[in-house]
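Each chain carries a letter (A, B, C and D) given by its place in the written order, and its residues are counted from 1.
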Amino acid sequence: MKIRLKRLSRKQRKRLMPCIHIKVQNGHFEIVGLGAWYSYWRDPYHLLLTIPWSGFLGMIFIFYVAINTVFALAYLVGGDCIANAEPGSFLDFFFFSVQTLASIGYGAMYPKTIYANTIVTIEAMVGLMGIAVMTGLAFARFSRPTARVMFSRVAVITPHEGVPTLMFRTANQRRNTILEAQMRVYLMRDEVSAEGHFIRRFHELKLLRNQTPGFALTWLAMHVIDESSPLYGVTPELLIETHTILMVSLSGIDETVAQVVNARHSYGTHDILWNNRFVDIIHHKPNGDRYIDYKDFHDVLPLD
Amino acid sequence: MKIRLKRLSRKQRKRLMPCIHIKVQNGHFEIVGLGAWYSYWRDPYHLLLTIPWSGFLGMIFIFYVAINTVFALAYLVGGDCIANAEPGSFLDFFFFSVQTLASIGYGAMYPKTIYANTIVTIEAMVGLMGIAVMTGLAFARFSRPTARVMFSRVAVITPHEGVPTLMFRTANQRRNTILEAQMRVYLMRDEVSAEGHFIRRFHELKLLRNQTPGFALTWLAMHVIDESSPLYGVTPELLIETHTILMVSLSGIDETVAQVVNARHSYGTHDILWNNRFVDIIHHKPNGDRYIDYKDFHDVLPLD
Amino acid sequence: MKIRLKRLSRKQRKRLMPCIHIKVQNGHFEIVGLGAWYSYWRDPYHLLLTIPWSGFLGMIFIFYVAINTVFALAYLVGGDCIANAEPGSFLDFFFFSVQTLASIGYGAMYPKTIYANTIVTIEAMVGLMGIAVMTGLAFARFSRPTARVMFSRVAVITPHEGVPTLMFRTANQRRNTILEAQMRVYLMRDEVSAEGHFIRRFHELKLLRNQTPGFALTWLAMHVIDESSPLYGVTPELLIETHTILMVSLSGIDETVAQVVNARHSYGTHDILWNNRFVDIIHHKPNGDRYIDYKDFHDVLPLD
Amino acid sequence: MKIRLKRLSRKQRKRLMPCIHIKVQNGHFEIVGLGAWYSYWRDPYHLLLTIPWSGFLGMIFIFYVAINTVFALAYLVGGDCIANAEPGSFLDFFFFSVQTLASIGYGAMYPKTIYANTIVTIEAMVGLMGIAVMTGLAFARFSRPTARVMFSRVAVITPHEGVPTLMFRTANQRRNTILEAQMRVYLMRDEVSAEGHFIRRFHELKLLRNQTPGFALTWLAMHVIDESSPLYGVTPELLIETHTILMVSLSGIDETVAQVVNARHSYGTHDILWNNRFVDIIHHKPNGDRYIDYKDFHDVLPLD
């Protein structure tokens, strides 16, 4: 007997659409249908931050035209209430509304009745509020602290000091330094619980170095696959079978904007190359100077 | 003999109204009277962030009308100081003030004396300041980082690998991921101290998994009630007697806005169902794909 | 022989004024002269955040008048360049500048030469920049997250379960909850190092409970003075002699604004009452409801 | 055989310019050429935060002139569409554009055709968006939380309680306190790995006190060079040979702005003076008051 809880309101029910699908394709998850069960309209701020700039500007433009149309209609209702605007001409009233909302006020057209002045009073306040909200949104979009971190296209498993070691490379693409940078690597895979259920489980992979006081150029992440590693004894086939995914999370303080930044990357099973090693990118000149050659950043060499 | 400290100022005294009541109803705390001892007026920014948008807009509207009224009266005092405004007509001066404060300036009315120009100078500055403050407030209201996390209406206690386990479900209602999510569960209940006083004490409940690198869909929190658990040997009656409340706190970094978000939920004693289990919401299709059916998110089944 | 380092620039030298005095009065430090060695002008943003609102508004007003004066003089130089402004009349040009800077533009006065139009172009940009900067500052001032936490005027030392215990009370003055609140108490006192120097040293005092998942009403901080405590065996006279100060730091996440808030308080030696206890403020009604009486929040009773 | 990964897009390739050089000069790293491989144009927000104020204002000015030029040309196309503007006069149309973009609208010139009114409608929206974006940028530049922390020009190695100890001084240059300040010191040097490769490695140096609840005046960082220290047995020559650098990272909460602030400093091998000690800057007056003399902040004395 299934208990349907009475206290759950109708409104909450509606928010919960039937189901979402999770597809595993090419070692990556694909989530389908989640959009359906959580409407954008319930989370407008998040939407306005998420859509690309073109969509953001488009939405502002539509809103701007719509609000001027509403006020133009309000002035139309007032009849001959705007000096030098032809009564009944929607366009005249629309342009008068624009001049008022944007607080331009050329004065070629101006309100001449109490009704028109009252609408102007309201429109002026709406204009001020609109500037306030738009400024806040533009700022929030602009200021989202982001890290520009590049991850190597593949991870490799290669012997290091005699032990097989998982490695991948990262590079800070900015000219500045990410302070107190921390890297975490998680393994996500299907496992069988004691009661025989398939469950999806996270394991954190221990790195030889998981933090650096200053991440300026490149960072080679290394996880030694010893007895304590969840990858110990694992084969490429088993990785695929258990839908294994490596999730990398890098965070630190951007030196320039002094804010915490985050970067993420994930490696599917097909992105992990066994018995390969990365091409060296740090070279020495005859005079002892070092230089980094990013051309080979993603390149690997098979072991002999 | 009670010492009333001399150094406590009269002002501080006044702020401390006699008392507030704490009621325990339906497993939840209810606090009555706290509003009385801490006036809103001492914390305006907090108030402007807390009240709903309708109240916020209402307050701005009232303030906008009030400030224009004040300046209209100031212009009235100046007599025939505004061109094309009828001296003594409050409405004319009010509308002139609106056109000035919102920086529209049609020019049909304009200041023609030094007195009027001086008031205009002041009003222009007040208008600029008002835009600044309103923009800040609107932005702060908009940008409060919030998590849209759904908690199951009830928690259940059900055997897991042979041991009774407290469980509840959470779901991220956004399409994005909460990074480095952490969950903490606290038990709050009345206990008797060594000296026989009733005191209210917090215990943190250990979860089988209390963090996840990426919280995208659902998360089942599990606390094993073994000998080390403060819930060990507790009966439903004892939970009610000790006014037990479970407090859940979930935090993490919202992937989209890159800010720390928090969600909270509490379960009263009546929200904890003994010997029930949650209805499965993760299903497998014949082709191996998984899907999540949120329709049953809150539903439980009694154990046989 | 004292080495004066050559690499220290003249500019850096100047910034370092000779000395600042630290006075110990009534158990509290007083720092004198620090203002001298670090000029406000080198840190204007900090200054604009620190001064009270009256000073902030005053500075904006002065700046606003000054900038309009500068532009008025620029228009004056242009001679008969503004329509309907009397050439040579500073006031006319000043008011025209106000109407331009604040983007009102009545149009009764308007630029009629290329020179005047060029100045208007510059002033318009300055006005836009000014709004931008002022908005940012007003917002930054408004949004500084603050905790409204009250600390008891005194701390007491009273036996608790047989052991002398340092106690003080705090109360959240807001109606909301401070999440994941943490309290830290430090003892700062003069000590003698192994080499006989007097040095000022910090000790953290261990609290019976130093964090709470939700700090809504009151919190009694308790530090047991056992063998491991730096206060073990200390007398009131010794506290004064070593200039002991207790520093309390409380931080957490304000539930409403979702930001980290901090509160601080310090207790001098005269604020620590020995062999006193706090008056109870939590009472029970006959029907079992509890209520808190803040009237006695700061009151203590001597032990018999 | 080198595998060049196919999946790397042409666009990503282009972003990766050949190489950057790292020069070690005077104990400090110098990075050359990084600007080349990551274009500024891909990271405009970061650029606008990084360039000095003069450059920022210059860019805004250029943008402001450019946008007004574009709209002036658009009005020119409309022929005799602006009242009181001479058709074909670029300057008239430019100044009309300024009056519209900045929402001044004197009204001496005003749009008289539908074409001109449509351009005005668009320009008004562009103006509002421009204010929004500029406000956000100005605020973000202003509000970057910075610590004003001074580090001594040199670090010294001097015996302390019989053991050689690395020391350097820091001072908070603000009048306020940095709460919960933490200092971390890292040693970065070339080492030889087990396989004979030269690698650059970080070591954290343990400080006698690495945090303080309140950093108000000065702080002497001390690292004891005992057996557990990576500096144990190291000579000045070895420091130079291994390109050793000390990196200091100080963070805490600025009391005034209630934000986390960070400061960094690095000491090259030439900035570490062996067998020197700092000149005392804390003195006592006859009446017991202490004072700090910042004149000698950077000064050291050789040991006898």
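Everything that follows uses one rule, which is that a residue touches a chain if its C-beta (ideal position, glycine included) is under 8 Å from a C-beta of that chain, and two chains touch if they have at least 3 such contacts.
Per UniProt, the chains are A, B, C, D = ATP-sensitive inward rectifier potassium channel 10.
Computed from a predicted structure; not experimentally measured.
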Rotation, 0 to 180 degrees and nearest 5, that superposes chain A on copy chain B via CA atoms: 90
Chain pair equivalent in interface to C-D, over half of contacts matched, among A-C, A-D or B-D: A-D
Inter-centroid spacing, chain C versus chain B (mean Cα positions, whole Å): 24
Where chain A and chain C are represented by their mean Cα positions, the distance between them in whole Å: 35
Set of chain B residues in contact with two or more other chains: 99, 103-107, 131, 135, 137, 139-140
Residues on chain B engaged by chain C in the complex (per definition of touch): 1-5, 7-8, 15-24, 31, 33-35, 37-38, 42-43, 45-46, 49-50, 83, 99-100, 103-107, 109-112, 114, 117, 120-121, 124-125, 127-129, 131-133, 135-137, 139-140, 144-146, 184, 186, 193-195, 202, 204, 247, 249, 251, 260-262, 264
Chain D partner contacts - residues on chain B that touch it in the complex: 103-107, 135
Residues on chain D engaged by chain C in the complex (per definition of touch): 57, 60-61, 64, 68, 91, 94-95, 98-99, 101-108, 130-131, 134-135, 137-140, 142-143, 148, 153-154, 161, 173-176, 179-180, 209, 212-214, 216-217, 253, 255-258, 276, 279, 283, 285, 288-302
